[in-house]
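To keep things clear, I will list the structure first and then write my remarks on it.
For clarity, chains are labelled A, B, C, D and E in written order, and residue numbers in each chain start from 1.
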Amino acid sequence: ACGGGDDDASSSGGVTDLKVQLSWITDASFSQLYIADSKGYLADEKVKLSLIPGGSDIGAIEGIVASGAADVGMSTDITSLIAAIADGNPLVCIGALYQENLNALMSDPAKPITSVAQLKGKKIGGNQGVQTKFDAMFKLAGLEPDYTFVPTGYGPDPLIKGDVDALAVFVTDEALAYQDTTGKAPTLLTFTEAGLPAYTEPIFVTTDTLKNKRDALKGMLSALKKASADDIADPALGAKLAVDQYGKGNDLTLEHETEHNKAYVKFIESAATKTNGYLWVDPAEISGPIVKGMKASGLKTADVSKILDTSLLEELKEG
Amino acid sequence: MTVMSQSAVQEAREQDVVDRALPPSRGTGRRLRRAGAAVVHAVWPLIALFGAWALWVRAGDVPPAVAPKPGTVLEFLAENAGSFVGDALNTLAVVVGGLVVGAVAGVVLAALSWTSQIARAVINGPALLTQCLPVATITPVLARLFGYGVSTIVVITALISFFPVLVFAATGLRQTPAGADDLFVVLGAGRWTRFWRLAVPSAVPRVLVAMRVSVVAAVAGTMLAQWVMGTSGLGYRLIIAQTSFRTAEAWASSVVSIVLSVLLFAVVSAICRVVEKRFS
Amino acid sequence: MTATATRGAPIRLGGVGKTFSLKRGKSVEAVRDLSLEIQQGEFVALIGPSGCGKSTVLRMIASLDAPTSGTVTVADQKPGELAAQHRLGVAFQDNALLPWSSVRHNLALPYKVAHRPVDRQRIDDLIDLIGLRGFEDARPKQLSGGMRQRVSIARSIVLEPDVLLLDEPFGALDAVTRRRLNGELQRIWMADPVTTVLVTHDVDEALLLADRVVVLSPRPGRVSKVLEVPFARPRTQEVTRTPEFHELVDELTAELDVLSRGSGE
Amino acid sequence: MTRALRSSAYGALGMVVVLAVWQLLATTGTLGGALTAPTVVARVFGDAEERSTLAQAAVATGGEAVVGFGWSLLTAVVVGLLVTLVRPLRRGVDQLATIESAIPFLSLAPIMLALVSREHVPAAMAAATAFFPLYVAVTAGLDAVSRSVADLCTVLGASRIDTLIRARIPAGLPVIATGFKVGMPLAIVGAVIGEWFGSSDGVGPIMLAAMRGYQMPTMWAAVVATVLVALVLYGVCALLEALVTHRFG
Amino acid sequence: MTATATRGAPIRLGGVGKTFSLKRGKSVEAVRDLSLEIQQGEFVALIGPSGCGKSTVLRMIASLDAPTSGTVTVADQKPGELAAQHRLGVAFQDNALLPWSSVRHNLALPYKVAHRPVDRQRIDDLIDLIGLRGFEDARPKQLSGGMRQRVSIARSIVLEPDVLLLDEPFGALDAVTRRRLNGELQRIWMADPVTTVLVTHDVDEALLLADRVVVLSPRPGRVSKVLEVPFARPRTQEVTRTPEFHELVDELTAELDVLSRGSGE
């Protein structure tokens, strides 16, 4: 549905083909990419993107890009990218789709949890692996980790049924499903608020790709920036493209995707993007709070110079 | 049909030859040689595998996110051997528990489906339903039934391991030796007697085949379940190491689980050989 | 000839036919219009050329095959009834021992199936009778062909059935063992004369043991000759050396010879 | 013919029982909102567009499963024949097969993607998961020769290959066919999981999207579509087993 | 007695012993210190009580069992060599037909295994010989016991082997068919006298067919008596009615009787 991902990443007729490994299936999360393609922004830059849907949900994106199976990667959360770089993978971040950590702890508005301190002694649900983040929240708040972890599957069900007091969710997914199901908005404690800021869907490549396909990458970022503005202006467009074209076969519904995209577009902008443009990733943010949060989570970190290369975005800002 | 594995025949024959060639006084030498052969059989696949892995990582300049160097993983294993013992035992306990539950369930369901065509049809559909869905899909429903603890993991393991037993036992129960059915008719055997004294012994060889499949499936199932929703064990360690990009640890966990599989397979195969001799 | 009040059951075959279907619409008519009445407590020997339907007749009496036409009754009931009551003893042509059971367990099987307590003493006696002392724990694959056949014979009589069906029970035995077991069978039968049908290829054996010898024609099997055996019991090996005996042997052999020639087989 | 009819009638009955229990559990809410009532799922299928999307997806997944199963069977047969012919290899290859089936492929997506080109990943995963039962069934089947047939081959001076072709394979077919019934459902899960590695068709992505979006009717509709495909493929295997057992059993 | 230049191979058993182990450390000594030389092209009959080790001796010659002590050579080689060259014909006591193959395919098997073109004419002739015309496509389970045995006999000779081992090949046949096939076997053997070992329980048959009759003692089987058969060939049923023949029958029967009595079996 999204232009086969196996053509060689070679330029034909001056157009450079980039294979993009996404962290998730082609739903509204990636509307900027669809807009950039369908409105011809990418073509203008002589770039073609072959989107490879993800879904394995296991931080494999870094490995896939490192192995050369894709040119560009977008993973769920920048911390896994940083950890991979620290582990010796020759990767580098060149931007990010969303400015916020979209992970949050969701609780029943009748028994709201709005601070880390309130998590003490509670049952917290979430996907496998997220425990390390909870530990970090306690540590960052100067507390001993004290909670029961409940490994839940997908969906807001465990919170609705009262199996857990708080549930780790995506603010753009389960939080909306909770509202749809129960009719009331859940109380959210975002990971950022709990001391774990992050960028969502960081855009990264290998250091070699950055060197060899610099122009194409720059073109891609430029197109995505333009598309970001369109996306914010009309969230329904990206949703429609996802349902009808790029995510056809995934059995998406327009209503659902529109609702989601409305939630997503809020995170394209931030104070930093006002001055530096969309997709911006701030070195200080990484070397500061993000690295601090990762250290608290027990993750390996690296120097920001190895993690981030803002030169492309800088050039676009000037040009 | 007396199912006598040709391997057994051949082994017996080879044994005869060895017995003739070597006078009894050289018994220890023979035992040593046989032990040596066993070691060779056990070790060459590992050497081949690690060799291929090392070569691939080196030649392909594979980044650690794809595959770490075997040396790194082995080093990690050696340094943290102690810490893996607990995890391995934890996983082993779940595997054994789930396998026992699964094997019993498989045999019981096969027995039920032996009793009538209706039962067979009513069992087959739902049984198949449990098999063709990914664990992650059914976990939420199971967790609702059995809680978010170890019991659900045992149930998942059992669900994964019962099916081969069901399928092979159900066919095995109908694979009676030539003439035996007639014998039981003539003796005026009731259903129950026919089941216990004819169908069950007849099914043994097939169930043994199933056990060899199931034991390995059970390890994989436990790993998967712990990976999806465990709070301890090798599968849990694997997911945590993975999400934290501790690649060496993640791979070390996998290696330990694979070793566990191989050992359990060897144990079950050995038991199978003994039982097979009894029932052929 | 007919025995005193016995536990046996009469067997009646009325106009029985049996056709088996082979591949591609072909079929074999194994038995045709066969009628035979066997009295309660009678010992009948069934002889006839190989492939003429002897085993098929036995299998129909044992309820293992259903006749294509005609009727079979045992003790005036459907053939299956007797088996259901554990009153039938059969020694199959191919033994049908349970491969996973020892000699002793194979002999205990009829008790277990009938939910009766296993009579160890009787099993031991039978093991002695068939000369398998020392092989109680051996499994069928550890026995010689003749030894297996002897276990099968012992199993057929272990429960003292009302009807005994023996399909060439002595075929794999040497002459000496065969004669000894012939004698034992006669002794056992005389002590408790149950209805017995013995399929055999040995005319001497048929005349030594049976009240009547029924000769079947080549396929399709029909009754070609019925011979009442006049000798008093107990019949010893002496009888077999009398001219009367030889005469009957020759008569039966001639009949078989003619039958075989006729069939061209 | 009547037997086939009767058994499919019983099969339908089995499915009715499942549906009834499922409906009961779902409407009483015993198992939480994650379980959707069959009536609700039926409504999803009622929509023509949904129906064709799901049908296409199920056929795609079924196709991947069949291709994977085929590769896996081919490998199992080749390797099984090899270790049966060259005895000393047997134990080591058993071990390699065990290792193969114990590799947590789900957690090793990058390797899978490094080894197999992406569009083949679902079929490759199907092959990887179905391989072990097929291998065990093939090797066990090839060993299931009766002693008398084995003796016959010896006295006829049959070479290993001839023994294989004339005795071991015919004697082993029933066991191998039973193995099909175990391998086929595994191939289907394998294909679904393989689709999670980044596929644009098949039921896998539908399940993922629906799970995450908490679209339980869609998710269970995908499950039903998968099970239908599984029933068909399993039915084919069962039929094959019946034929083979009748002929060689 | 010894035939003219033949294709046969000599068989030598030198001090052969065979012990089988049973459960719990028990064992059976099936054969003890058995020595026997069989000439190229000689026809030897092996008789002895049931369970005395006849099949075991045959199996050792056929390389199916290895002796516990002593040596066995066939054509001055290890027993397996002859089989490997497809020069061995064996009819097993239990037939050992391929259950999934038709009669025709069972008879074609030796050709296929020997990678020789299947001689359809010969197979057809053999099917006629054993009286199974019409059953070419039947599978073993569709045959009667005697029919199966006949297929097994035909299969053993289909390739015209150098050594023929027959383990009670006629045990399940009626007297008439048996005698007819005895005659056929003699005819075939005289036309091409290959080394033949025939295990039988029928003393008449042994004397009718063999150059020498070897009597084995009860378990553990040893050679108890060897008898050269003096009658000229071809031997017809006439010979069996001569006093000389009866004398030898009696001599062998007496020997068997004594042996059996001695063993108490």
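Here, a residue touches a chain if its C-beta (ideal position, glycine included) is under 8 Å from a C-beta of that chain, and two chains touch if they have at least 3 such contacts.
If you're wondering where the values come from, they're calculated on a predicted model, not measured in any experiment.
Traced through touching neighbours, the fewest hops from chain C to chain D number 2.
The two chains most heavily joined by C-beta contacts are B-D. With respect to chain E, maximal separation of chain centres occurs for A (centres as means of Cα atoms).
Here the CA centre of chain B is 48 Å from the CA centre of chain C. Centroids built from CA atoms put chain E at 83 Å from chain A.
A straight line joining the Cα centres of chain B and chain D is 17 Å long. Counting only residues that touch two or more partner chains, chain A has 58, 63, 66-67, 153-155, 157, 161.
Counting partner chains per residue, chain C shows two or more touched chains at residues 94, 141. Shared contact sites, meaning residues of chain B that touch two or more other chains, fall at 1-2, 4, 62, 65-66, 136, 140, 144, 178, 227, 239, 242, 280. By the touch rule above, chain B contacts chain A in their complex via residues 62-66, 136, 139-140, 143-144, 148, 227-231, 236, 239-240, 242-247.
On the chain A side of its complex with chain B, the touching residues are 58-59, 62-63, 66-67, 80, 83-84, 86-90, 125, 128-132, 149-155, 157-158, 161, 163, 297-300.
The part of chain C that touches chain E in the complex is made up of residues 20, 22-24, 26, 28, 47-51, 54-55, 93-94, 131, 135, 137-138, 142-147, 150, 167-168, 171-178, 180, 201-203, 253, 256-257, 259-260, 264-265. By the touch criterion stated above, chain B contacts chain C in their complex at residues 2, 4, 177-180, 182-190, 193, 197-198, 201, 204, 278-280. By the touch rule above, chain A contacts chain D in their complex via residues 1-2, 4-6, 21-22, 25-27, 52-58, 60, 63-64, 66-67, 69, 153-157, 160-161, 170, 173-174, 177, 180-181, 247, 249-253, 256, 260.
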